[in-house]
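Next come two complexes, and both contain chain A; in the first it sits with chain B, in the second with chain C.
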Partner chain A sequence: MRSFPCILPALLGLLFALPVMALEQDEAAVKAAFIYNFTKFVEWPAEAEGPLQLCLIGETDSLLAALANLEGKQSQGRSIRVRSTGHYALDGCRVIVVGASEADRLTAILGNAQRQPALTVSEIGHFADAGGMIGLVVNNARVQFEINAQAAQRANLKLSAQLLKLAWKVKK
Partner chain B sequence: MSPFRDLPLKSKLSLALLLSSGIAVTLLFILMLVNAVYNLRQGAVSQILVITEVTAANSAAALVFNDPKSAADTLAALRVEPEIMLAEIHDANNQRFASYRSIRASADFKVGEANRDNFWDPIFITTRFVVVDNEPIGHVWVVADLSTLLSALTGQVLALAIAAIISLALTLLIANRFRTMIAAPIEQVASTAKAIAHDQDFSRRVPRAGSDEVGQLIDAFNHMVGQIEDRELRLKDELQHRKATEQKLEKLAHYDTLTGLPNRHMFQQALALTLERARNLGSQVALFFIDLDNFKVINDSLGHVTGDMLLKILSQRLTKCVRSSDIISRLGGDEFTVIIDHVKGAEHLREIADKLAAAVAQAVELKDIELQTTASIGIALFPDDATNAEDLVRNADTAMYFAKSRGRSNFQFFSAKMNDHANKRLIIEAHLRRAIEKNELSLMYQPQIDLATGHIIGAEALLRWTSPELGEVGPAEFIPVAEETGIIQQIGDFVMESACLQARRWMDEEGASLRIAVNVSIRQFSARQFVDNVQALLARTGLPVELLELELTESCIMDNVEDTLIKIRELHELGIRLSIDDFGTGYSSMTYLKQLPISQLKVDQSFVRNIPESNEDMEIVRAVLHLSHGLKLETLAEGVETVAQARFLAQEGCMIAQGYYFSRPVPPEEITVLLRGRRRYTWQ
Partner chain C sequence: MESATVAAISRSVAILFLASIACPALAQADLTELSLEQLLDIRIVSASHFTQKASDAPSAVTIIRSEDIRQYGWRNLAEVLNSVRGFHTAYDRYFYHAGIRGFLPPGDYNSRLLLMVDGYRTNDNVFDQASIGNEFVLDIDLIDRIEIVRGPSSPVYGGNAFFGAINVITRHGKDIAGGEIAASGGSFDTYKGRATFGKMFDNGMDVMLSYSGLNSLGQNLNFPEFDNPATNNGWSSSSADGEKHNKLFAKLNWDGFSLETAWSRRLKGLPTGAFGTVFNNPGNNITDEYGIVDARYTDAVGRDLEFTGRMFYGSYNYAGNYIVDYPPVAANLDMAYSRWWGVEAKLAATRWLNHQWVFGLDYQRNTRQDQINLDTGTATQCYAIASAAPCLDSRASGYRLGLFAQDDITLRDNLTFSAGLRYDRSNVAQDRINPRLAFIYKPQQTSVLKFLYGSAFRPPNAYELYYTFPGAFPQLGNPALKPETIQTTEVVWEQYFGSDTRLQASAYFYRIKDWIVQVSTLSGALQFQNQSVVDGKGLEFEGEQRFASGAKLRASLATQFVPDYPNGALNSAPKYLVKANYSMPIPGSDTWRTGIEAQHVDRRATPSGWTGSYTLANATLLWQPRTNGPGPELSFSAYNLFGKRYQEVFPDTSLASGVPRETLAQDGRTWRLRYLYRF
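After this line comes the complex of A and B, so read on.
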């Protein structure tokens, strides 16, 4: 994962015009960008209006730290509000990012999150299989994602077909 | 242009129709083709635009999530669009993110611009932004080659071409129909005109064909032919009418209107023909000359209506007496002739003559009167008595007069004796009796020239007798006969009256006071009522007395001196001029000459004739001139024929001259011409 595949810098450069990076922060930044971009390909139910609350659960790591940078950004005409929260106070959350530290409590968190029309994202392995909606994975030094379409559907979220098409794996 | 002009109308029409429809079809063909190409292109272009749009939309996530492979997959789907040659996805920095190249694109196929859309350019290029959340994150660039579309048009072009060929074929068919509609009637006009010119049948017409210009042409043509036909008919009518008139005139010219028999003119033709034939055949022809004996009495006493009826009946009877091959004619008045061809001997002719005489002698019953007349017939034979028609007629006529002198109602064959001198007088007498009635007498006038001025001062009236039977008869021949028989009275009256009327006419019409000299014979002069006659005549004609000059011969005066003296004095008192004619030829007594109130001496032409050769005659003429001068008489010299004579007479003081040197006796019309020309004679 932290190796230096020769294709990665080129790809990153193409996408964001970033300097060549092999650092953890760089990966986190890519993942944070992914998450930001996911918000552009998701359709929330009508009642889930207002600012786009991005709720971070878990200990602050490089990803969550990178996500804090999204505060105030616009997506689909909505402002992004980033807040850190516990396992239960998930009201108003539209996107729930589960930090790597919460791998063991995943089932409970997802159970709570189920009550919210919120997109659940995490870099925890097999997140989609565990009932999360989008799990970020790194294959051959490349950030990819897998999607649990069922979970999104249950939460009344519509994921763009393009997103499904780009996904490395889609669980139906 | 000229080869086209000489084409038949049919071909011109066909060509025009083919050309116009050909142009129309070709234009339509091109328009339809352009339209088809346009539609095809528009369809293809809009499809490409949609595809580009979709591709742009579908490429958004791939760009966002930096997945060039997915983008390439999206582009690869374009292979189902055969027109699309190139397609590329670029990111926000215009770096190529994914690309597609059709297998149909040739290796060197390369284009640069972002957009291209020209109708005539098969290469179509379009670019669409890839937009996510209202932000362009890149673009899709598509290049299409539309030329392949044209292959799809082949079928349509073929269909259009077939349609064009069919429409041209239809045009030809219609052209044919038009041809017959337009050219056929015109051809008919031409062929009818040809036929009319060929057989002159103006009743031909061209059948009507509608009311268009050709129809109008046909109507006008028919109208014209109709007018020609009318004129032709009128011409034919006129010709027929003229022919009928000519026949009528011919008949009038050849037939006598009263009896329907051939007239003198036709008789002469028939006789000439008959004689010529007889001459060739060596046969004999007899000519009968028939004259009714007392017809004039009947005509005068009962009127000529009755006379005409009698002539009609007698002519019918005469016709029945002869064979149809014999020609019976009426020469005029009561004279008939019969030409008997192929004479069978004298006995036969006698029989015919008897029959003819009997036919006339039979009484004719007319309404309330019965008329009896007889005929005198003369017969002459060809070639025995005469060898030509003229002599034959004269001899038959002579024989007829002999018959008449033998107590009438008989016939006489001509014999040579009849032409003896004594007999000739007889004939002359016979003819002379009728000469006035038959208008055979006429007057000629010989100008008398005033030798002082050269102008015409007067004219001597000279009698002419032209007999159809005897020809021209001189006064010396017939005047003695006329005097013997007393016919001279009638003739003298005729001459004097005619001359006075003519002088009066010259006065009235030409304003010329011409002295008219009339010869008076002894017999005429000795008539008791001569002076009264002259006076009455002058009164009747209104001629001024001084213009009448009576010419008496010396012998006339000396014949009965007592009586003559009285009459001459009476005439002188009336104011009439008297002239002694033929002076010098008789035995003039100077004593009487002195006593007589005469105006003029006329020197006889026998003295003038030999001037200037004969000195003796010249002396005589001088003596006469001297004498007349002494007696204060006017002198006139007759028979002046040369300029020398005229000069001599003028020199010697002769006042008036007359003769061929100035003019022969001429018809009155010629005198009129001389008067109008104010003719002045000279002898210098």
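After this line comes the complex of A and C, so read on.
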């Protein structure tokens, strides 16, 4: 252990030799943009028509706040309506975003959500493994997503091949 | 990735950046115009949002994240706890002792605090100790977050979660995504190094492996109780205060299965002359060695059941080398061997609408709870008692079993009732049933009211029951000890203003019966005895604010009222604690941050009076060109920035100089330079 003083200057030398800093974006805004993009690659069953209701479950955090900005935007010719809701008022939801606050109650929420033809998305860890459809994950400071194709199938949603191709992990 | 796309992305991002200067709202909206492919390549800064999960927990919770640890330069859990409302720590140059909500009996080894690593209980089965100093089994750099829960909040936790539970959650291999090398140097020739490798493979397997080592030469310290020429006028040489540790950690997660193992060994010199040892002899030292193995499996059983099973093994060895002058001078060895294994099973059911059930079983077999004290070398004596036998040879073993159930009932969308029950049985205490109840009410989305009631108990541990020791300063075991019990009532109110401001207030009342405290018997021996009722009550306020600039502020005030001499025994906790933590980016810089913390601790009772209040400030300057991904990071920290001289209470009447001790001086100004490189 006494040899560390020799390592330190060497490491310090390394430090100043390194180029750094790429332009960075706010995590929540990027994740919200992902969720908006997902809506373009999902085919809902025919009976689920009308405006695209984006339902937010959980306490307002930065992601849920960023999603509010999607209100009125168009996706597949339908306009997006954003609303906050509780665990049991999911009628009419086409996309359900589960906030980070709900990690402990995930199983219950997903149980309720699967009665709807709704795409479930969350940034909660292992969301796709837990039965959610799309989980947002951060790897190497980049946002990626995992898909549970089985869960989408159960809810009669069709996810486009392109979406599956771009996913970091697909659970079949 | 083709370079044309890269260029296109850089261009669009550059435009966005310019737009964000001119009009931030527009920039946010514009991100949605990017395609998925483009989004996948955008580097993000981690958003600073509160962990909302805390507000739903049936207790008053504090969450500390790895970024906080880096921004404030904390070196161990004790320094983390010093920043947390209701906690303060005292260092006897060996262990850190945590005062919690006004309770800190001297010599307490944090046995009323459950300390877990990823849900694994690290408290050993001899002292029940929560190790919050450098002897903690895990390197603090490997922590993803720390959840600090006050009170016996959940039936999931057994005996040690008397005042609270700390769950340390480790980072994943995918968070490392490559490797990390960290090196630091600090005051008194303290050097530390760490190498960590972690990766998540394409098949989802996540692995991590880490080694850390520390070596510290220690300080020259002054102890007024030894202020005479024969004992170097009270000055101990730095070699008596040296410290060394090695830690290993390995973890594998795959498809619901998780295997973790950790090992650590810490050697610490004992410069204080405590336990009747010869002052300033570098032969006085203490070794703590922890080993843990934890295997966990989680799987969904059908759509509405989740099963978690756990098997664990733990070992803890303590060896104190004490140089004593009977006369003649002899080496005394004080040891404990602690071994245990166990299983846990938990079933979470969401089968019934509006109910969330958890059932569990938790069994631990204590295969060894041994305490041995003997003289090494030529001596056949034990503290001058001529005998070939060791002074102490206590072998114990046993078990504990817990069964628990909890139901979270959603009464309305904004009202949850949580009822839990825990049944405990063990070889050292009568069977007990303890309830935990919580109402969580959200009058609005932005406010949360919690009403909490809990009861818990802690059976006496092997040290309190069996540690018997002859000699001039004898200690007596007490096999007749009863468990101590606590009943807690708490009201918590949390208010959010937007997503950036949080206020929290909490009022609590604790009633402890049969409190186990070390006291002097009539014959002059030390012994743990059950005390009658002790009440504690307090009010806590905390505010947290995030600023658009990336700055954040957390400030708290805790008033905590516990008698200073309950039943004649000493309790050395402050009545007031004021804390503030502020971290901000250096204006005009994207890569530099500063973190400043200040703590005011009210006076504490000593055997004969008081030791003064104190205010400390710590400051850290952090250079972090990236918060994530490959690259370097550098920090410089100064602790006790203004060199405040202060004392903590550690009464000791067994000093070889014959002068009774009441307090020990704490560290003055120290510093640390830390370099990290991620690749």
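We adopt the following convention: the second predicted complex is superposed on the first by the 147 of 172 C-alpha atoms of A that agree within 3 Å, B and C clash if a C-alpha of one lies under 4 Å from a C-alpha of the other, contacts with A are read in each partner's own complex, and residues count from 1 in each chain.
Rule of thumb we're sticking to: contacts are C-beta pairs under 8 Å (C-beta built on N, C-alpha and C of every residue); 3 or more make two chains touch, one makes a residue touch a chain.
These numbers were taken from a predicted model, which means no experiment stands behind them.
Look at A:26: by the touch rule set out above, it reaches chain C but stays clear of chain B.
Contacts of A:160 after superposition on the shared chain: chain B is touched, whereas chain C is not. Looking at the shared chain after the overlay, A:37 reaches both chain B and chain C.
In the overlay built on the shared chain, the residue A:76 is in contact with chain B alone; chain C does not reach it. The partner that reaches more residues of chain A, of the two candidates chain B and chain C, is C.
When the two structures are aligned on the shared chain, A:100 is found in touch with chain C, with no touch to chain B.
In the superposition on chain A, the residues of chain A contacted by chain B and by chain C overlap at 11-12, 14-15, 34, 37, 41, 162-163, 166. Interface residues of chain A facing chain B in the complex, by the touch rule stated above, are 11-12, 14-17, 34, 37, 40-41, 74-77, 145, 160, 162-163, 165-166. Note for the complex: chain B touches chain A at residues 58, 60-62, 64-68, 70, 91, 93, 95, 97, 132-134. Listed in rising order, the residues of chain C touching chain A in the complex are 10, 13-14, 16-17, 28-29, 31-32, 34-37, 39-53, 55-57, 174, 177, 181, 183, 185, 191-193, 200, 204, 213-215, 244, 256, 300, 303-304, 306, 348, 350, 354, 356, 408, 410, 413-414, 445-446, 496, 498-499, 590-591, 625-629, 631-632, 634, 673, 675, 677.
In the complex of the two chains, the chain A residues touching chain C come out as 1-2, 4-5, 7-8, 11-12, 14-15, 18, 20-30, 32-34, 36-37, 41, 58-63, 65-66, 69-70, 73, 84, 86-89, 99-105, 107-108, 111, 114, 129-131, 138-144, 162-163, 166, 169.
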